[in-house]
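What follows is a group of structures, each given as structure tokens.
Below are two complexes that have chain A in common, paired first with chain B and then with chain C.
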Partner chain A sequence: MATDKPKLAVHKFSSCDGCQLALLNLGEPLLALPGLVDIVHFAEAGPNSPNQAVDISLVEGSVSTPEDIQRIQQVRQNSKLLVSIGACATSGGLQALGNFANRHEWMTSVYSDPEKIEVLNSSDPISKHVKVDLQIQGCPVNSTQVIGALRDLLSGVAPRPEVHSVCMECKRKGLICTMVTQGEPCMGPVTLAGCGALCPAAGRGCYGCYGPAEQLNDRSISDRFEQLGLDAQAVLRRFRFIANSAAGFKAASEGLRGDTDG
Partner chain B sequence: MAEHRDIHINVPVLTRVEGEGALELDIVGGEIERLNLRIFEPPRLFEKFVEGYERNQVIDMVARICGICPVAYQMSAVQAFERLSGFTPDPWVQRMRRVMYCGEWLQSHALHVHLLAAPDFLGFESAIAMAADYPDAVRRGLQLQTLGNDLIAMFGGRSVHPVGIRLGGFYRAPDGSAVEMMLQRLQAALPEAEALIGWTAGLSFPDDDQSFISVALSDPDEYAIGQGRLISGQGLDIDICYFDSHFKEIQSPHSTALHCELEERAYLTGPLARLNLNFHQLPPEVRRLMEGCGISFPSHNMFHSIVARAIELYFAIFEAIRLLQDYQTPAQPYREVEAVEGNAFGCTEAPRGILWHRYDVDDAGIVRYARIVPPTSQNQGRIEEDIALSLQKFGLDQTDEKLRLRAEQVIRNYDPCISCATHFLKLNVNRG
Partner chain C sequence: MQQSAKIERQPGFLPRADFQRLLDGVVKSGYQLLGPVVKDGAIQLMEISDATQLVKGLTNEQQPGRYRLQQTAGERLFDWNHGPQGLKPLCFAPHEVLWVEQKDPLSFTTRLPDVKPTAVLGVRSCDLAALAIQDRHFLHAAGADPHYRERREQLFLIGIDCAHSAESCFCASTGDGPSVNQAVDIGLSELDDGFLVWSGSDRGEAVLQQIDLAAAQTQQLEQMEHQSDQAAQEQQRKLPSAEELMRLYQRLEHAHWQQIAERCLGCGNCTAVCPTCFCYDTQHEVSLDGLSAQNVRQWDSCFSASHSSMGGFKVRGNILSRYRQWLTHKLAGWQEQQGRIGCTGCGRCITWCPVGIDLTKESDAILWEGSLDE
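After this line comes the complex of A and B, so read on.
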């Protein structure tokens, strides 16, 4: 079917599929999507032409095999714009915890025959291997973010990246601060906005799934956590979590350990 | 003369390794000589990640194994930790967890039936393509899926990696007004779900009965979702902590996924297995629909699993309505769960089947070791067995394209994961 609509591809690397659900969970509006773009590749939804040239590629997942590297380079070549979506694609994801450990030992403990399985020594963000035009953090990203970015890009507007922290979303929503009122350790002050302050709204502390905010003051939050009774290990676990290898959180966790992961 | 066929498919399958796969098929002299479902997506090694983390953190970590069934992962984990501590959640918590789980069954089954499986039966490339000819069916599917997602979000803020479940209960109880609105939507959806059962039962199914073992959880009081003993149609009836004495995980040479066998045999887990073993526990209203739909259960035709999903989808709505009626906000949505050292076992019925977890926890509540057996690695042996039988019955002399489509459809009956969506089978044929 020939069409002059912009072409869209959705690619999956090492991931849980949760970020592409930002599209598949749209509900009825999903049916309007083909009016906006020509979806040429989205294996989970049906269309399957991974090597076609497209205007925009959405990429979910982290790079973790030699084959992944080739594939992402191919995707880059075929795409005018490449948008990485989610913690896996923007920072290596939860599975990047393996970057801090001895992956070989891990493989040996899970598989009787680990040599049969070819993996890189790390779980990498897409931007480590190719140029990325836009990154959307979050685990998962949500539909509003993804559709908003698509609309902007399609109309030639540069999407305005989020800069605030989750605290700002709390304020916007008029939520009571759980850290202040309940002494709940909350990563909100150092976490990028975008989720709508879901955790504080649910009466719990933010656990940082949207990754680090632009400017983060990890020292003061660590001190705050210690005042709230967390020991050093517990503070470390809060940074070394969903977005453990995102620059801000990684630096914070290494600062806490006083090591450099050698 | 030998005929060699190499069929390569991309079957991203959720297992411990999650991911992409291929089907290797050699047909020699009109017989299947080799059939391997290869899974080669890189392992994400989740079981190692959770070592050294707190129990409540682990509940949020394991969700990240699967974006389609995060609630199942969270529920198996929380059950394990609570069981270890000898903690029984309050009745309100038990009921609401079941409702939240119904939300996941609802969204996952709706997604599978409409977006993944139906295009197979009706000969479309995708649900979006199907929407032109079957707009109402596709719209109904998307509405039901949204309803399931919203039901999860009512407890967890969002449907993918919800943030509501914690040790001892929920972080927060939904407001009465939200529940009231949800109840109305659920009620309004029941006729849609009923129509869906008829619609799936009216699809045309290959005549393909096979003998296989069904395995599911069984709860004396209800159609098991969030807890129970492990049973099979062949007399197995054990506490989940004895899983290892009967089930064995093996690394097969052609795959990065671990296979799981019950007493050295492949078995089925998932909606059809559940229905086969537990249908007598469905509420009378649901059972009547099942009995009147024209397909008789128990069934040993895997193609009927789409009907089984539709029946469970109806049941999920029915059950959520029952449990949300007379909803009252509790004084406390959770109680503290003391840390106890020991081996924790949890097992629940994920949309795709039994999801078994084991955690070794220290006295400070830190997880020291974990093992997770997801439904797809359990079904993998059965899928291979099924493809072989189905293709033989279908006729190995069929064209490559037809063989490919049939194999795809067989694999999709197991709903291995959303990533196994459509048209993943690439076929290269070398005829000798």
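After this line comes the complex of A and C, so read on.
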């Protein structure tokens, strides 16, 4: 049924669907959403009309196949605003670890007919292929952040970017620093806030899934991790994990002594 | 706020076995009681009612970037110094709604916290000094902060002398400790066999009236003095004098700032654990339907990009300029704004810095190493 409400689409590329599930997990705010927008495409939730023109597209997942390139260009053409959500869409995701390895070797060792697999040489963030209006990090995204951004876009204002480190979230919540009290290496000081300090709240160190903080002193935290007992390879893996291809973390891991073939 | 500024001690003695009577007196007077307990490997203030819930026989190892609790041979309840937070979160909430608004009809409503009268057991002199600084900032006559005031007015303070200092402590050099010399409702000094107890306000006196304190012996008063001297002598760190610290302003281009920036993570931990840091940020959170909103305040930090953002331009765009801002403001700028340095020597910024940056050492290096700027 046609209405004059803004149209929203949620697209999926190479990803685990976790960011879409995070949206579905919102609870009550999710019920208010159809009052504000027409959700014309959100396959995980039901509506399946990927080629409609929309006001806002939320895009989950990375670009990793030639077909993905065609499709994201189509999504871009169909969308007034394009918002990439999650680690895959904003930095290439966990699957971008393949960018550091020999893709051909891996495929021939895993698949019997690797020639039937058509993939790009890298898993890329959406922004590598089309213009992106807003990026929201996280693995998965914090759905409250996504909804807040949607509200801002519907009001015609620019969403406010997160600028703090995870440490600030820990301290505001009264969580005790695992690095200082247990000597557990934690990526919190160099990781962008937004998750609500989920891992430190469970008594373990942050593993950096939200990507680099606004100021990234990778050399200093790497030295600290080594003092706390991590070897060079283990330090490298702290950066080369979920947000491995986010610009700051990628540069950090490439500059580390433990860098090998992956 | 109501207490007199300097407390003349006329302590009585409470045997260790009777400590519960003090807690009962506080609770019977209508206060919820926050006391030091061990949680997640650190001393934290939690609601308690029974002395058996308190930390006992523990001390704290506090070094740059390192905090560990260790067993002692004794029975003492206050042989540690502090955990990651002092009184700051109790008055200056880390995250709170300041006001809410409705669109139709348009209305704005202040949201004040609903706070119970709260007694805090075991407050250290560095944190009492920091509270006085925060009071000056938030309760300034020209614009008292009602949210801070609501919480602050409900606080009942039970101070404790430090009998030992942690490695990161340097309150003796800032003149803020290690003994309680600020306004409290009740003051305590822990001895081997019990506590010297004195009141510092009418409210405190009313609580102590309910408790039968023995007269303090001369020997006990001497032990109290001796412990304070001992705690001060144990301190290995010190800050330069207030006058010397003003010279930081002549050293803004010192090469050592870069050396610090190479270690500093820019994470903001030092500002979050600092009992005097008061910077905050407010954000407007609009409901999804766009019909209501709330204005939320949360702790900010001069290490965040938003802190120096003006019209989208980051005035302090790198870690060097942010650390320099923090240190020069805390140790020099505050003197001009608040009449004293903004540091009370608690040492938390040293202990809780993930890479162990030490403001006493950094201040020394900037003041005394290399030549003065022209």
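Quick note on the criterion: the second predicted complex is superposed on the first by the 254 of 262 C-alpha atoms of A that agree within 3 Å, B and C clash if a C-alpha of one lies under 4 Å from a C-alpha of the other, contacts with A are read in each partner's own complex, and residues count from 1 in each chain.
Following the convention adopted for this analysis, a contact is a pair of C-beta atoms (placed from the backbone, for glycine too) under 8 Å apart; a residue touches a chain by one contact, two chains touch by 3 or more.
Worth saying up front: this structure is predicted, and the values here are computed from it rather than measured.
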item: Touched partner set for A:167, first chain B, second chain C, both or neither; value: second
item: Partner chain(s) touched by A:56 [first = chain B, second = chain C, both, neither]; value: neither
item: Contacts of A:203 with chain B and chain C, given as first, second, both or neither; value: both
item: First (chain B), second (chain C), both or neither touched by A:224; value: second
item: Partner chain in contact with A:187 - chain B first, chain C second, else both or neither; value: neither
item: Residue contacts on chain A - larger count, chain B or chain C; value: B
item: Touching partner for A:214 - first (chain B), second (chain C), both, neither; value: second
item: Chain B versus chain C as contact partner of A:44, first or second or both or neither; value: first
item: First (chain B), second (chain C), both or neither touched by A:154; value: second
item: Partner chain(s) touched by A:9 [first = chain B, second = chain C, both, neither]; value: neither
item: Footprint overlap on chain A, comparing chain B with chain C; value: 33, 203
item: Interface residues, chain A side, partner chain C - complex; value: 29, 32-33, 35-36, 147-148, 150-152, 154-155, 160, 163-165, 167-168, 171-177, 179-183, 186, 188-190, 203, 213-215, 217, 219-221, 223-224
item: In the complex with chain B, residue positions of chain A that touch it; value: 12, 14-21, 24-25, 27-28, 30-31, 33-34, 39, 43-48, 64-65, 68, 93-95, 97-98, 101, 103, 106-107, 109-113, 116-119, 123, 139-140, 142, 195, 198-199, 201-204, 207, 209, 234, 237, 241-242
item: Residues of chain B touching chain A in the complex; value: 10, 12, 14, 16, 18-19, 40-49, 52-54, 57, 60-61, 64-68, 70, 107, 111, 115, 119, 124-129, 131, 138-139, 142-143, 145-146, 149, 156-161, 163-164, 166, 171-172, 251, 253, 256, 258, 417-419, 421-424
item: Chain A contact footprint on chain C (complex, rising order); value: 39-42, 44, 65-68, 84-85, 89, 94-95, 262-269, 272-273, 283, 285-290, 298-301, 303-306, 318-319, 322, 351-352, 354-355
